[in-house]
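Data block below; observations after.
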C-alpha cells in the first residue's frame, strides 16, 4: 500500500527526520490559511503517481490572496487518471543541492538495501550507476549512524552533512522496519542552509504486513472492478483486452494470459481464482467477469487441490442465475475432471482437456486471432 | 533507576499487558474518587521498597466513605525510611492463583534471562530452584510468542493461559529492550477469571541508558549527601561508620573501605574520586566529606592518571577555605608523588606512601581499632 | 536420491489440527511421507488420523526426533512458527502460508542461514520426490511419477500443469521444488540448481519462472556450472508493469523484472527457452536424448 | 608472548582528536604501541602527533591495515563506534568508555562473538603487555615491568596498586587485562584464564575481583583446568547490599554476588586468597617458588 506524501512526511517527522513546515489543504480557503501560517508555499497534489510536477500537480502560491486561485487549479484536476481531492501545502525551500536516498528490499540478497546518490531530484532509474552508492544492510546488525556516515563520505558530503546523513539513514531504516516498508524514499533530500531536509517522500507498506498497521488510513488503488474482486479475496488485475479469463493459481493465470496473447487474443484481465477455491467465491468471481462485458470468457483449470466438479458447479450456478451472454470456453483437467465435464455437458457446455486447443477456440470465438 | 509501581503499570498497559483498573491518589479525597470510579480498591504506597504489604503500606478500601480514612493511614507514613507521598488505588482482584515472571540480564551469559514460577507472590529468591523455569534469550532472535508458550507448558498452565503467557512474555521482553530495563518483573502475575493480570510490577531502568529515556520522570533514591556528591559527578555511598574516605577508582575505594574495616575502623562512606579527576571536583568532594562531621578523614590515592600534586592542591584548598577540623591522613603514591608530598609538607600535612600504615594510623586517630 | 527429501525423513506438521493441516498431512502420508507428529497448542496428547499432536515443537521434536517441518498457520503467525521450529532443531522447514510479511521472511531466512537450516517458501507448494516416495507440500499426488527430471518453480499450479505433461510424456521427476511466490523466500533458483547439480538422480532440469525480481537472471549465470540441460518456461509476457500478478513477487517494477530480460539471459546461457507450457515436455524429451 | 597483544600489532584509536584520545594515543606510543591511525569524523586528512586521522574506520582500515582498535567516545556513542569497528574488520576491540547502556554491550558482545572478534570492556582500563612493549589502554606506563605474572582485574586503580607492588617486589607482568567494571563486558575471568593457560610467558595469575555477579565463582570452576597457580584478591567486603560501589557491576543484589561466596569458591578451588592488597605480591612470590 502506497501512502500519500503528507502521511509519509508525518511519519518521517515523528521519527525525527527534518521536513519543511506543511499542512493538508482540502479547500481553496485552506490554501490561504496555509500561506498565512507558513509563508510562500508549494501546493502539491496528493495522488499516488510520479511526475506530478511536470503534469501540473505542483504550483506555488506566494501570498494568501493568490493561494485559493492556485489551489483551485489543482483541486479536482485529473492527474494521470487520478482525481486530485487533496493538496499538501509546504513551505518553499531555498534548495542548494538535491540528494537521493532510499531503503528498500533486495530480493536476491534477501536483505535491506540502502541507495543514495548525490544526483537527487530525478528518478533513481535515470541516474547512472557510477553515481549511486549501494550498501546492503545485515539484518542482524541493522543500521547505526556510522553506516550512513560512510555512505555520505562516499558521496563527498561535508562533515556536517555526513553526520546528519548518518542519523537520517538510521531513522529511515527504523521506519522501514517499523512500518514494514517496501520502499522508504526521500527524493529529493534537499540541502537547505547547509542542513538536510526531506523535500519529497515515498513510503510503500508491505500489504502482507498491514495487520500490524491498523492505524494507517487505507489507501485504495485500482479500478472499481478490482476493488470488487479484492473483496472476494482473490487476486485480480484489469487489462485492456476483451477476453475475460479465470484460472487457478497466479502462475497459471499469467500463463493463460500469455497463451491468449500467443494466439493473437487480447486478455481483459488477470484473475487467480485460488488454489483450492470452493464453489461460492469461484461463482462470484465469474459473475464479475460476466459483468465486464467481454467478447468471450475463458476458464482454464488445472485440478490439483481445486476440484474440477466444484468449478463446473460454479459455472452452472452463474449460467442459471445471472446468465452468461457471451461465448464461454472451459478447460478442465485433473482432480474430478470426469465429474466436472459430465456436469457441464449436462448443461450443454463442452469442456476441453488441453490448454492450447481451448485457448485457440476462445480467441476464435472472440473474433480475434491470426 | 527504579520506577514507581504506577509508572511501571502505565508502561505495561501501553505495551498491551493487562493490568487492573487503577489511578494515582495524592490526597484522601482522591481515594474516595478512586473508589467511586473503580469500586473497592487496594491503596498501595508508592515507595521503592519491597515488602510494602507486611510493613502496612497496602490497605483496602471498600467504600468511598471509608477510603479517605484508609488513605490517611498510609499517606505520610514512614516506610522503611521512605516517606509515603503518593498512593496507587487499584481495583481489588479475585485472584485464583499467583504466578511470577521477570526479564533481567544474565551477566555471565551476557544475554537476557526470562524467569517464571508457578509460585508467585513471594520474592523469587524464596522460591525453590525446582519451581523456577529459566530460559535465556538469544539476543539475535529476541522473544516470539512460542518462547513464553513453551515456558507456560513447563509451568503446567492451561492452553488458554499458555497463549496469554506467550503474548505477555513477548511484550515484557519488548519493554525490557525499549526501556533499557535491568529488571521487568510482574509478581504476582494474577490469574483472575481464567485470564492473566499484572497485579504488581517492577521496572528498573539502566542508569547508563537514561539519555534515551528523557521522558521518564526522574526518581531519586539515596540520602541528601549522596545527591550532593552525585551532582559533582562522582560515585558516592553513605555508610554507617565515622571514618570518611576518599580514594580514586571504584575498586581502590572498595579496597580502602575493606582495609579500614580490616584494622577495626568503621568507614563512613564509599567515594570514588575518579581516575584522573582534576583539582576542583576533588576539592568539592573532600568538602562534602568534611561536612559529614566524621571522626577522621582518609585520602588514599594511587597516582596513575590521577596526579598526586593535583590531589595535594585540592586538600590544601579545602584546608585553607572551609578548614578540616578533624584528623586527616593522606596516602600518596605514584605519578607526581614527590611534588604532592612536598606541597602537603609545606602545609604541615605529612603523607604516607604505603596503604597499610596509613590505614592503621587513621583508624587509631579516630579512636577505633584493635 | 533426491534433493531436500529422503525416504523415511521424520516430518512434523505445524498446525496439524487446522483444515489445511489435517488434509495435507493425510495427503502427505498417502504419498508415503513419514509424518511423525504435529503441533497445535492446547491439543497436545490428541491424535489426528493416528498422528500424535503436541502443544509445542519442543515437545514434538523431543518425542519424535523430527528434523523437518511443514508449516500450516496464517501468514501473520508464520514467523513465530518458523522460529519455534528453527530454535528447536528443525533443519528443513517448508513454509506453505502466503501473506507473510517480507520483513518476517527476511528474519526467518537470515536465522536459518546462521543455523545452517534450509527454508523452502513461504508461499510455496512445497517439495516432492516421487522416487523417494515422500513429499512436504500441498501438490496433488496423482500427477507425479519417479524419474530423472528436476523441476524448480515459483508458482504451484503452473508447475502442476508442467509436471502433469511431463508425466504424460513418460518423463518422471526426481524432485519438484516450489521456491515460493513471495519477494523473499528461503531458496533461490541458484541454490536449488546447486542441489540438482549434486543429485545423481537428476539428469535434466525444468525451470518454471515468472516476471519480477532477478532470480532467473542469476540462475542463468549459474547454468554453465550446472552441467545438466535446462528447459525454461517463464510466465508473465502479457503482464503490465507496476501490477502484482497474484504473487507478491510477480511484479515488473520500474522496468525491472521483465520476461524479456529473463528469457534472453537464460537463452544466452544455453537453456532451452520455450514460450508456451505445452512445449516443455517435448523440449525435455529432446534435451535428454 | 602475551595474550591479546603482540609487538607491532597495528592499532587504531577511535576518537583520537578528543582530549582523552589524544593523550592516551600519545601514552600508548610512548610505551611502544604501534598506533597506525585514528578516526574522527570531519578531521580526515589531518594528523595528531604525526598519526594520520581518518573520517571513518572503513578508510582507516583500508589505508593502514589495522586489526585492533581502542575506542574513546562517550558511552552513548560506543555502540556505533564498536559496530563501525567490527563491521570493518577490527578483530580486537578495547572499549574504554563507561556509562555504556547494558543493552548496547549485549549487542556488541553478541556481534563480536558471531564475527570471531575479541572485545575488552566497556569500562575497562585496557590491556598491557610490558614484554611485548605494547598496550591498548589508559593505565600509567611507569608501573609495569616485563615478567611472568598474568593479571586479570575488574577495576583499574586497584590493579595499578597491585601491579606496582608486584613490580616493586621484582615480579614483572606478562599481560595485565582489565575486564571492565560493567555488568556485561566482552571478556570473562574464564575466557581470560583460558588465554593465560595457553600463554607460555605466564607462570602465575593474579585475579583481582570484586563484589557483584558471579564471574569469580565461574573462574573458580575453571582453576583445575588452568594448571597455573592463582592468587586472588577481591574488594568489597565492607560494601552494603543493594548499593552500587562505583562500578555499575559492583553491587550485591538480593544476596547474590557477595565477597564471601566468591572467596570461598576460589579458595576451595585451590587459589591463594588474600584479604588485603599488600599481601598479593608476597603470595605470588611464594606460589612461584
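Here the chain labels run A, B, C and D in written order, and each chain numbers its own residues starting at 1.
Simple rule for what comes next: a residue touches a chain if its C-beta (ideal position, glycine included) is under 8 Å from a C-beta of that chain, and two chains touch if they have at least 3 such contacts.
Note that the structure is predicted; figures quoted are calculated from it, not measured.
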Smallest number of contact steps required from subunit B to reach subunit C: 1
Partner chains shared by subunit A and subunit C (touch criterion as defined above): none
Approximate Å spacing (C-alpha centroids) for the pair subunit C, subunit D: 50
For subunit A paired with subunit D, centre-to-centre distance based on mean C-alpha positions, whole Å: 55
Distance from subunit D to subunit B - Cα centre to Cα centre, in angstrom: 27
Multi-chain contact residues (two or more partners), subunit B: 140
Residues of subunit C engaged with two or more neighbouring chains: 114
Arrangement of touching chains [line / ring / star / complete / other]: ring
Chain-to-chain touches, reported pairwise for every pair that qualifies: A-C, A-D, B-C, B-D
Residues of subunit A that touch subunit C when the two form their complex: 105, 107-108, 110-112, 123, 125, 139-140, 177, 180, 182, 206-209, 211-212, 235, 237, 239, 247-255, 257-262, 267, 270, 272, 275, 302-306, 333-335, 354-356
Subunit B-touching residues of subunit D, taken from the complex the two chains share: 75-76, 98-107, 109-110, 114, 125, 138-140, 142-143, 153-161, 164, 181, 183-184, 188, 208, 210-211, 213-215, 218, 235-240, 243-250, 254-255, 275-278
Footprint of subunit C on subunit B - complex, ascending: 138, 140-141, 144-146, 149-150, 153, 159-160, 162-163
Sites on subunit C touched by subunit B in the complex: 41-44, 55-59, 79-81, 83-84, 87, 111, 114
